[in-house]
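Letters A, B, C and D name the chains as they come in the text, with residue numbers starting at 1 for each one.
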Amino acid sequence: MGGSLRFIPFLLLGLALITAPFVLSGWVLFLLTVAGAKALAVLGVVLLLRAKLLTFGHALYYAAGAYAAGLGVKYLGLHNGFALIGLAFVAGLGVSALLGLLVIRYRGVYFALLNLAFSMVLYGILLKFYSVTGGTDGLAFPAPTFGLIGLSEASLRAQLYELTLFLGSLLFYLTYRFFASPAGYVLFAIRDNEVRVAYMGISVNAAVYLGYIIAGGLAGVAGVLVGLSVGHITPDLAFWSQSGEFVFVAILGGVGSVFAPVVGSILFEFVRNYAFELSPYTWQMTLGAALLLIIFFLPGGVWSLVGLARTRSGP
Amino acid sequence: MNRYRKVLAGLLAAAGLSLFVATAKADPPAGAPASLKIAVVAFLSGPASGPFGIPARNAADVWIEKINREGGIGGIKVIPVFTDEAGPADKVVTEFRRLALEEKVAAVVGYISSANCLAVAPVADELKELTVFGDCGTARVFEEGKHAYVFRTNAHTVIDSLGAARYLLAMKPDVKTIAGINQDYAWGRDSWEIFQRSMRQLKPGVQVVDVLWPKIFAGDYSTEISKLLVEKPDVVFTSFWGSDLVTFSRQAKARGLVEQSIVLVNNTGSDIKDIPATVLIGSRGPGPIAPPDVEKDPLHQEFIQLYKAKYGLAPNNYIAHGAYHFTQALQGLKVAYESAIKKAGRWPTTEEVAAALAYSTFDSPAGIIQMAIGNGHQAIEPAPFAVIKQDPAIGAHVFTEIRSFPAACVNPPDGMKSLDWIDRGFPGAKC
Amino acid sequence: MRLLLVVLLDGLAYAAWLFLVSAGLTFTYGVLRVLNLAHGNLYALGAYLGATLLLHYAASGSEVAATLGLLLLAAVIIGILAGPLIERVFLRRVYSRDEEVQLLLTFAISLILEDVTKLIWGVTPVVADMPYTSFGSVRLGGISYPWYPFLLVGVALGLAGFLWFVVTHTRLGKVLAAVIADREVSATLGIHVPRVYTFAFTAGAILAALGGALTAPMFSLVPGIGADVLVISFAVIAIGGLGSIGGAAVGSVVVGLARSAAVYFFPELDLFTIYLIMTLVLLFRPQGLFGEIEIRRI
Amino acid sequence: MHEVLRLERVRVAIQGAEVLRGISFAIPSTGLAALVGRNGAGKTTTLRSVMGLLPLRDGQISLNGEKLGDLPPHRRAALGIGYVPEDRRLIGQLSVADNLLLPAWAQGRTDVKKRLAHVYGIMPEVRALATRKAAQLSGGQQKMVALARALMSATKLLLLDEPFEGLSPGLGEKLAEVICDVQRTGVAVLVAESDTKRVSFVERIYTIERGEITEQIDHR
């Protein structure tokens, strides 16, 4: 009885999200699309944080996904949105599978640093190969087509939103299942005590490697979705400050739930935009103060408010 | 307290004046909005804020005040919405959408970074938002795409480096070796490419002895200067700007590079007092390095006075072309709106304003601006260059050997891509 | 041969600068195990205040000792104002929390300090290069070098020696070693650990500001200089080994020489050098050249 | 005879789980007592609470009748409490002499030489190790040095956490002798131990089980 009732809020939420394009302003819709897409990259950061692996270079995979698709547009003439997303996903997976072989041996601040170094090398490459990548001026992403749906270009924003919503939901659900799988539990156990996990006869490195690749693939998809929405990509996607933003949002949302990155991501986009609006000259100070407040008064991230509300309203 | 009172007094005066002007003037055209919101986007933080962003923002501020004092645009008061351009492309585009969709601004003026102009242009078309780029350089905006709602009322970057090549040959016709030092990012690459190709056309046989690519904002250029001192090129070309230019040129001066080689800067945004004497320097458009006849230009004089009165500095001495460019954008908008109103006999649509701005010609503090190329969406401007000299009489730096290359000399004709035009030997150039 | 000499001189001068700007970051990490992301902002504050003092008190050229004294004063003022404030009011409250929370806290402070600097000094470049131009120059390898960068080589060597002496030969250094090795046992021995932390963070802040102050005569100062220095010093100390002063010194020399060689022989690689070295070093020696491997606790 | 150390209904929780559940006991001056219990019974937690390393949820700890409250550890060391943790925890990169002198420096004591001579008097074998680096010592030697280091502070109370663990029988006997010597100089001693046999030399044994004192046995 209780089970079927608990399903209703989710159903309502889902309906609300799906019908959002008919209600919300274009700007809010765009913001939600970008925030939802970035939440996928943040989800990867959260996944790794569950294993106590902090990365300061996750933007590497975000940029890899975006640029794989961007170069696909430029050199292969691809315009099909699904093909571009597939390309970005494969790029995220492929690059993380390759670099993962090296970085998964490291922990703590060294893991964070090595990832940072790799991301900055990619940043340098994107900057250097000016004739291929457009350097800091970046690459344009013309409006994609979604052959199957065949909707008009006028509804592109709504399409991109729905695409991000459905694809994002699917990937979030799969990640949620991964968290609940044996490998997911291993990652969580590593957080408490890695050596004990190793004693249990479980290959820690295999679990970390798997987690790393998943996080890479998620970031790749995030990159292409943001690229498609924004319409333009620059090497800043790989810059360390972008990686810092992902960690920022992960902590803002909290690592307790797969939903937390979405909440954190949306909140961050709004806070950042309003900080710009309220104090264009000192928005960094506003952001910094907001972050301090969260660290001291909401240590579990914004998501902990949801938990609080739940316990208050009873079972 | 004092400052607060001043601001208040200014506000009251402005309000009173505009009230007076508004009542004195004829009724606004039919369908006119109560006010005209215009977004002004410029770097308010980061390294580009000092040389470009803040002067540009301040210039827009005083110029909008002036426009409002004189009755606004088409009798309608302009309300500026200032925002920071800093941040990655996704933030810049999100902010642009907020300005267009939430703030519902009538037009967006601004953008200093080329990357941001490239990112914003398609979005402006999508949202049918009239957008006038204020300062960015890349020629790609209108050479790679057509943008119905996007304009640039300043010249693109070709005039910087082609102008530098022409000025160099005017000052030192027998140049044999050149070296380049440019920041390792897109605009640094563009600048070197245009300069190098122009030199190849204008004086074949000039040898490039070295090309250095320090990281942007690297801060210290000692190593690069050592290498240039060892190589002894006739000319060192650089597209440094802001603090990088100040540091590089002062280190170059301290170490004798400025005496050994000609140091040629294609386009700068720095205080003239911070650049050593004998450095050759250019500016995108004739605002900061003004030819003598432009000095008599009443709009130019008015701009300098307004800016000085409110912000204490002269925008021309502080070589801030961003400041001039933002007034050009506002002038362009004003003239386009007013001619569209005249034509339509009522408040015009965005499309009508855009049509009026295309291929238009209007006056600005930096002289007459012609929207001559890029389907009438891209302005051309002359390219002024000068040598910085210490003037013992006034104890300050001044520009000497000022030379301005006419717009038709340093801009490609309408419909031709810049690099093709250079490689084909500047067909149609009138110098 | 002459070219090699020039490469070496430029490399060493750059290495000295790298060491001066990264020593504070590695020192703070060494004692507190917190990577201070506000390091670059303390550097910027030191640079701005140093430049301001020079412009006020040494504008018409000045002696070496007076100049260095002013710059040191600027660093001490910034360190003593900012260090205890950041450590006592903010950092202290998160020592028991995860590493990433500590990083974020310093990141938040860095955002705030960035705007504080802008509000105080504005955005137009501040230039105070009198020492760079007026301390004279010397001809080496056939080209002219100003004295100031070589003065910095001397200062860097002096600072490295001073830090080495304090850490290994004084009671203070031994107390620091005890706190680094075992915070809890140190407390049971009667060491006032929180005070040591405040002291160490303040010392790190002074070092960061000193790096900036000594840089002020060489660079022109604009908003954002801190972020670049943070990333560079981060890379330098990662190469040397986090928390190791000696490592920072060696890392600086490696990066300094490599960058100088890159400018001379592979100018296209200039941008990459530091990250390439960092990647290579971390791949083969993840703890850095002089870092210690942290023992995993069961 | 007054009590040097008294615990009254002390409750301590670690990560939400209550480990000490209302412990009360006392050690008289010049007393020599042991706290015996299995692993996880709460011995280490008791010693750490006395040292001020863990906050009390409830109850009181007093030294010579004065309540310690939430006095931080370094202040307790200055009051004359010495503590030898279970795993020695010397500062490996410092010499033995430096390890011994750390407490004196930290507390700003003026009688450093006298105190050092006093400790060397009780444990002459440590003097011979003075210039060696702590990390280079054998496990047994490290135990002795850790005890000597605690003695530098312990003018009133000495806390030892499983000092006999891993020691050879011969060294164990020697340690017991030193502990008795310390007690004779007027310092109260509390030893935590899992095996009653190893602490046969003490005057009083408290048995601790699941965070509660279950038994008190007085010798002599």
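Quick note on the criterion: a residue touches a chain if its C-beta (ideal position, glycine included) is under 8 Å from a C-beta of that chain, and two chains touch if they have at least 3 such contacts.
Everything numeric in this text was worked out from a predicted model, so none of it was measured.
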Intersection of contact partners for chain A and chain D: C
Chain pair showing more contacts of the two, C-D and A-C: A-C
Euclidean distance of C-alpha centroids - chain C vs chain D, Å: 42
For chain A paired with chain C, centre-to-centre distance based on mean C-alpha positions, whole Å: 33
Between chain B and chain C, centroid-to-centroid distance (C-alpha), Å: 37
Separation of mean Cα positions, chain D and chain B [Å, integer]: 75
Residue list for chain A, restricted to those that touch at least two other chains: 127-128, 241, 281, 284
Residue list for chain B, restricted to those that touch at least two other chains: 44-45, 184
Chain contact topology (line, ring, star, complete or other): other
Chain pairs that touch, as defined at the top of this document: A-B, A-C, B-C, C-D
Residue ranges of chain B in contact with chain C within the complex: 44-47, 49-51, 53-54, 184, 210-215, 217-220, 222-224, 226-227, 229-230, 242-243, 246-247, 250-251, 253-256, 270-271, 274, 318
Touching residues on chain D, where the partner in the complex is chain C: 51-53, 72-74, 76-78, 83, 85, 89, 91-94, 98, 101-103, 105-107, 149, 153
List of chain C residues in touch with chain A within their complex: 35, 90, 93-94, 97-101, 103-105, 107-112, 114-116, 118-119, 227, 231, 234-235, 238, 242, 268, 271-272, 275-276, 278-279, 282-283, 286-287, 294, 296-298
Chain D-touching residues of chain C, taken from the complex the two chains share: 171, 174-175, 177-178, 181-182, 184-193
Chain B residues touching chain A - in the complex, by the definition given at the top: 44-45, 82-84, 88-91, 93-95, 97-98, 100-102, 114-115, 118-119, 122-123, 126-127, 138, 140, 144-145, 184-187, 189
